[in-house]
Amino acid sequence: MSTIITFGEVLMRLSPFGNKKFIQANTLEFYFGGTELNVGLSIAHFGGHVKHITCISNDFIGDTAISYLNKFDLDTTAIVRSNRPLGVYFLEVGAVMRPSSISYNRSHSAFSSIQPDMVNWEEALKQGSWFHWTGITPALTQGSYDTLKAGLKLAKAKGMQVSADPTYRSGLWKYGVNAKEALTELLECSTVFIGGINEMNEVLGTNYSYSNDEFIQASKLLMEKFPTINKVFDKIRTSINSSWHKIRARMWNGKEFRETQDFDITHIVDRIGTGDAFAAGLIYGLQHYDDYKSMEFASAACALKHTYQGDVNYATIAEVTGILEGNVSGRFNR
Amino acid sequence: MSTIITFGEVLMRLSPFGNKKFIQANTLEFYFGGTELNVGLSIAHFGGHVKHITCISNDFIGDTAISYLNKFDLDTTAIVRSNRPLGVYFLEVGAVMRPSSISYNRSHSAFSSIQPDMVNWEEALKQGSWFHWTGITPALTQGSYDTLKAGLKLAKAKGMQVSADPTYRSGLWKYGVNAKEALTELLECSTVFIGGINEMNEVLGTNYSYSNDEFIQASKLLMEKFPTINKVFDKIRTSINSSWHKIRARMWNGKEFRETQDFDITHIVDRIGTGDAFAAGLIYGLQHYDDYKSMEFASAACALKHTYQGDVNYATIAEVTGILEGNVSGRFNR
Amino acid sequence: MSTIITFGEVLMRLSPFGNKKFIQANTLEFYFGGTELNVGLSIAHFGGHVKHITCISNDFIGDTAISYLNKFDLDTTAIVRSNRPLGVYFLEVGAVMRPSSISYNRSHSAFSSIQPDMVNWEEALKQGSWFHWTGITPALTQGSYDTLKAGLKLAKAKGMQVSADPTYRSGLWKYGVNAKEALTELLECSTVFIGGINEMNEVLGTNYSYSNDEFIQASKLLMEKFPTINKVFDKIRTSINSSWHKIRARMWNGKEFRETQDFDITHIVDRIGTGDAFAAGLIYGLQHYDDYKSMEFASAACALKHTYQGDVNYATIAEVTGILEGNVSGRFNR
Amino acid sequence: MSTIITFGEVLMRLSPFGNKKFIQANTLEFYFGGTELNVGLSIAHFGGHVKHITCISNDFIGDTAISYLNKFDLDTTAIVRSNRPLGVYFLEVGAVMRPSSISYNRSHSAFSSIQPDMVNWEEALKQGSWFHWTGITPALTQGSYDTLKAGLKLAKAKGMQVSADPTYRSGLWKYGVNAKEALTELLECSTVFIGGINEMNEVLGTNYSYSNDEFIQASKLLMEKFPTINKVFDKIRTSINSSWHKIRARMWNGKEFRETQDFDITHIVDRIGTGDAFAAGLIYGLQHYDDYKSMEFASAACALKHTYQGDVNYATIAEVTGILEGNVSGRFNR
Amino acid sequence: MSTIITFGEVLMRLSPFGNKKFIQANTLEFYFGGTELNVGLSIAHFGGHVKHITCISNDFIGDTAISYLNKFDLDTTAIVRSNRPLGVYFLEVGAVMRPSSISYNRSHSAFSSIQPDMVNWEEALKQGSWFHWTGITPALTQGSYDTLKAGLKLAKAKGMQVSADPTYRSGLWKYGVNAKEALTELLECSTVFIGGINEMNEVLGTNYSYSNDEFIQASKLLMEKFPTINKVFDKIRTSINSSWHKIRARMWNGKEFRETQDFDITHIVDRIGTGDAFAAGLIYGLQHYDDYKSMEFASAACALKHTYQGDVNYATIAEVTGILEGNVSGRFNR
Amino acid sequence: MSTIITFGEVLMRLSPFGNKKFIQANTLEFYFGGTELNVGLSIAHFGGHVKHITCISNDFIGDTAISYLNKFDLDTTAIVRSNRPLGVYFLEVGAVMRPSSISYNRSHSAFSSIQPDMVNWEEALKQGSWFHWTGITPALTQGSYDTLKAGLKLAKAKGMQVSADPTYRSGLWKYGVNAKEALTELLECSTVFIGGINEMNEVLGTNYSYSNDEFIQASKLLMEKFPTINKVFDKIRTSINSSWHKIRARMWNGKEFRETQDFDITHIVDRIGTGDAFAAGLIYGLQHYDDYKSMEFASAACALKHTYQGDVNYATIAEVTGILEGNVSGRFNR
């Protein structure tokens, strides 16, 4: 059984019900999430074998997180425990023109204490065929960056597929490393790039526009600079407001440019983790379909994720392929 | 006081809150429903006198079901009890492109044990002026089919109005009877046909398209084959996605074809039972208005049902007629 | 610190969750509201110093109301207590074509017992710079009308700004006073008119249409009749249905006519208090911005209020100005 | 079918979940109750035919109340509607040494407007065999007192059994009638007295102590003064604290004194309506058992009521008799 | 890693919140349970490796059940799926003298279709060191009895420890097999007997009383008749009422009689599954401690289970041993 | 108006409903608390003027905390904001023999960043008459210790009353200061000692037993060592289990020893903050009553706190004095 490896922080998500603000509430819902974990759980829910590597608190909150991950039959055996608390994020869900708001409590979390010697990468990657990473992990601490780098170097050495989602979030990267340099080093271990113009401009130091033409040019330049990368996938979101988005995707795989049609998501239930659902769909897809079909699968998975509460995509393979076969009018499954 | 008779299974509906899946939930909402019951309860809520005939479990769940029916002032005096459990259905409510999913636990329910000798039809129909049936009941078991047939034959003999909603659901009809033959026999007792091209094609063995012209042709052929039927009403649903539908209706009453305008249901709360709300509106309407006004009333009732959680239409006469008078912009009732 | 004064009834609002009717429910949410209070709380939430004057019950419900007001750091020191119960309103929230319904229990409430000698206006207005009133208060009882009149006369004498929102609700005004005469007397103390054609026609005895031209004419006539009034602000709502509205505003300040663009509120969370949010935005705005920017601020505040449950606008200054700077696509605030 | 008549106010009960105070809460549970209604609903739940006579609001809250009563298959056909609101009471449930607190909003309720000419007693009592009244109703308004008096006089004339629960609550009786005189007049129509030393002292003007001997003396004197009364039943509550009570009962029926053993109610769920459950058990019992067995049945019903949330006793005949047969250790019913 | 095998039905448990009856409720909590599953999950929660064998529905309810089991890191790989629905039980939780009530919907469940050829016992028991069974499974259907028998015979052949909890429930055993004969055959494969006088009398055809002396005699006779059985453990429950129990245990292991002290469970949260928690504690204990310490561990586990909602014992090893070390006064764990 | 000063961390408390563990839950309740804050809020709820000094996060969680404090009319004007997150604690509420469990996330909280120069003590203590501190604050960080010390020195210089609750929690005090030395320095500024044998032994380096005699000896020695201290109050808790405690208090004020009777708290709702309720009752009492009456008031307040959910004592003066007047049987307050 070949294993997909994800590595990154597990956060507890706390939010009032519906569209309430904390100031109006006295009850909350909680979930566990984190961009790499979301990818892992979504693939596990599709039936893939996924091992998530992270460091969580050594208390009943950490136990609860592990139990939550087990629900999805995720492999939690390589998880490390720490005496620091689990990271938390507080979420207020917006509506219409009101944006959602997030406040983090993660800077001294269990994961922030991770160091390369805490993870036995040899053991962890033993059955590994694919490694997925994002730009959040190297942006947190020197330790999380170093630990990721060690894992990716081994993955490269073992000839694994490596997907990179180098999301650049300017509020992070505070510990003293240069984002561009760090991402460059990590991209040198990667084979699939999941990201758009912003991310390419960030690592290339370019200034391409959003047009398809410039997307192709940027992708070519990226592949020149990072010869191991042979595919670029970009998910494009058009926001009418907080409650109504449109999604489509495009790709350049060195040979052809393709793009999908729009999904019109008229009544968003939860948009957190929709990018991760795209990545998960892509990783799952690339192991079963050709590039274009994989991108279509990923787009449909991403669109469906908007209808599930929580960070994880609860869509099944049957539900995603149902969308691709045109069942988008919401007839009952009996 | 003339009584409307409905006959069919009462199911307990269990679903997580909002758009959650069971796998995400640990709490549920429950309702009682069933296609014929929904019609009965909606008419009772309009103020009609309705007697529902069914067989339910002889435990506290059955007691709860009866209490639920009493809330609507439905006549529950003819209900039979059984040692088998009440049927249950589990519902996951979809959103946008995600369809709703239903799983049934009804094949050995209290109602599935019903036999003609368990219902005293003479007594039950004593004040009866109208009998409503659907294609679900004959599709369940030989006993439910036979019991319904016995009731309909008596209703016909007594000259009652009989409305048929011969919904054809292919997942049912598993006990060995031919659906077309069974429905034919039941339609021979009926006077009002509530259904569209699919249902007419099913019982006529034809292949008409959805066009208004072919609808008229099909209706004429239906009335030829079933001379007691003198009205055909069809509700047409256009689904943009699970959360956004449009509804309109059309009719052929042997003399004229009419159709209503679209209702644009931009934010669906619960679409279960909306077809039953249409039937209920029609049955109520035909006792107070002409055919076209009845169809308009039924359409408005159907549209309003999409705004109520649960299987039943909680709209009042005043709310339905308010819609018909053009109050669709949602001003407050104070 | 200059203080904004609001005066009016505090009501307890009781409503089932989501779109349920009472007949379906056994649990409720409660809030406190009231048109003038909503204005006061929204301004307090913006950081303004607001003193609300009212009479509430002398029981644990009244204590709860005061605690609720304190949450917003509203000045509750001038509130009077009574042995009568707090007024209550019951709300069923509509959806799509179903209107919301309200039932009041306020005719013998604590506030309905208010008399001029129960409020020490001299003391209450000591730091006062602005007084806001609405047409609901004089419509309730002779005592509430007289008490308001006494306050407004003192406010005028002290040269305070006085904003009038003379909403005319025909179901009120039952105690024997002529609405037009009463409103006239109160408008003579006012400096800012917040209302549209209907309200101007009511007090002027005219019959202007909704066109911008006639709005300007009506405003001019109003200012002629009430020379203290120097600004008229009108919020225009277009309702597609209960769940989807559009909002824009227009003004005449004696010199220029301006109007804002539409806000398209595609998924309303709660429309109660949205007019009050407009008034609050205006009052806050006029103390910081020019007339047009104030109206824009008020419109954005009003639009945002549709996304908060409860009567109060929980938007912050940053959120409102974010909207005005074009952040309407719902990107996350992290 | 002989009918039991109950007459009295229907109140909406609003309380936070568990032991919360309103000041801590933003959600509530609601029930409908009222001392005479509770008696009626409990008997209806035992399977008796009960007609409740009252006046309720003509809005969706009144509709909800009627639907609630219908759930129990109570006869609601004689209920009158009014434009005044339904009475409300707010409840904070205590625990251990903390008492429960109640605040009423009933002084101008729908029921407070009742007048003798609003009830057609002839029609209402047509099938009536038993009439139950309490001391709350005459204590509210002149109209409620007069209406009750009219009903009781007719009941006496028809030779019906009349049970009196002349609870004396000093916070009521504010409209100008002398409590003792009023109760005296009503007791002259009664046949069964449900009450203890306090109530007998109140109407007799005596000062008996709680001892069994003085209970017998008081009962004898009561029967002397009110010759139609032939049975006195007294429920004795010993409160360890708000969460833990003991219950027993005693009786004098002109011939013998009997008392029951204690029920030890170690974990009270809801004590509201437990006295009403005793009265209901007694009324039901006296139609099926001898005096002592009726009192035992009533005591067990009362004890069981402490385990149900809401004002009504949800115990079934089987559950009550199960207690009397010694099944008090809480073994499962499967 | 040695594996503990449990085999039995998985049921969905549905119950209203707190002590509500279904007739009062419209929301439910759900759990999954079943006597053998509860044992398995409790051991898994202690950290043991447990494989549960069962047959569940092939729908989203079955998926949810598997996800629930995975939460506890239970091995679900040997679970079989069926097109029949998952069994359900409805629970109303009693209080004080009110017993809890249960209604089952299991007679045509997925598990009721199990047949010996559906389970690959060779594969399932490969790592197995212990097999736990109860008297519920053979009481359901011929197929469940035969399947269990096949598994136990193999377990005996492999020399596994086999614990028997031959609970006799008279409402079951309806499919035509003699309970005593069936249990006898199964006990012949067993090594540890978990049960009391009632169960021993049932299988021995004796009539021993509850005294310790007769318990020893019965145990000796049992071991004579079933020579593979070398230990008998009995949990004794004294019920003050539904909310307050006392628990102690006794044992005869062929050499010595021992009994534990009482645990006084003054405020029961949920007593379902407390017997299963005892069995789980025993099975876990017997792999780590001597017989007496195992029984003490089991008693403490059983007592603790009364404080957790749901069927499963959420106590950890540390919590159980904490109790045994005397920490029963509820000091905080920080 | 004289002001009571409290200084200490504000924590967000997160716990599942009822007795659930996090591993069973997906919803939470939240409160704000902290030992010194609890004292402050309880006194504010009694009507005292209290100013709380702390440092909280500069995000919407911090805003929510301030709003929560405002509810109680606490003076929040001296609160400092920080970019670090608010401290959090997770609570699982035990029952019977199961202890409650707490996990903290506070080591890098907003409060942990506090430094003496962040608080303007001169300004903060301007109206101050009483300063309350506990042993938690100096145990957190050097900064919190230094800041407290600065405040206490000024309080002493101003001749304020200073109450010390030097709770010693061994899991804290990790930053390098010697607990005994630190507490000694702080006690030198104090006038009232709230604590028992453990706390006195800790600061005196003695080994007194729990007897009344040794309590008096210890108190005398304490007063010798700390001449400013003139009263010692000790609350004694006897725990039957997590759900059932007994509470009494004793005092030595240099002249007389007194003790109160036991309060038997048979059904605990929430024991968090009950010690703080005792301190609050004492501080409030000592400003209105003599020493013994103050201690009685404090004991009753402490007992009542066990009946309120959350960290704060919601008892009113009337409720506390009601208990002292013997109203402990839980009769209704109407």
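The letters A, B, C, D, E and F name the chains in turn, as written, and every chain counts its residues from 1.
Just so it is clear, contacts are C-beta pairs under 8 Å (C-beta built on N, C-alpha and C of every residue); 3 or more make two chains touch, one makes a residue touch a chain.
All values reported here derive from a predicted model rather than from experimental measurement.
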Matching chain pair for A-B (criterion: over half of the contact pairs shared, by residue number), options B-D, A-C or B-E: A-C
Remotest chain, subunit E as reference, centres from CA atoms: C
Whole-Å gap separating subunit A and subunit E, where each centre is the average of the chain's CA atoms: 42
Computed distance of Cα centres, subunit F from subunit D, in Å: 45
Centroid distance [mean C-alpha coordinates] between subunit E and subunit C, Å: 62
Sequence positions of subunit F contacting 2 or more other chains: 21, 23-26, 67, 71, 101, 103-104, 267
Subunit B - residues contacting subunit E, complex: 14, 21-23, 25-31, 57, 59-61, 63-64, 67, 84-86, 88, 90, 92, 101, 103-105, 107-108
Residue numbers on subunit A that touch subunit C, as the complex places them: 18-21, 23-24, 94-104, 169, 171, 239-244, 267
Subunit E residues touching subunit A - in the complex, by the definition given at the top: 67-68, 70-73
Subunit F residues within the subunit D interface of the complex: 71, 263-269, 303-304, 306-310, 314-315, 319, 322-323, 327-334
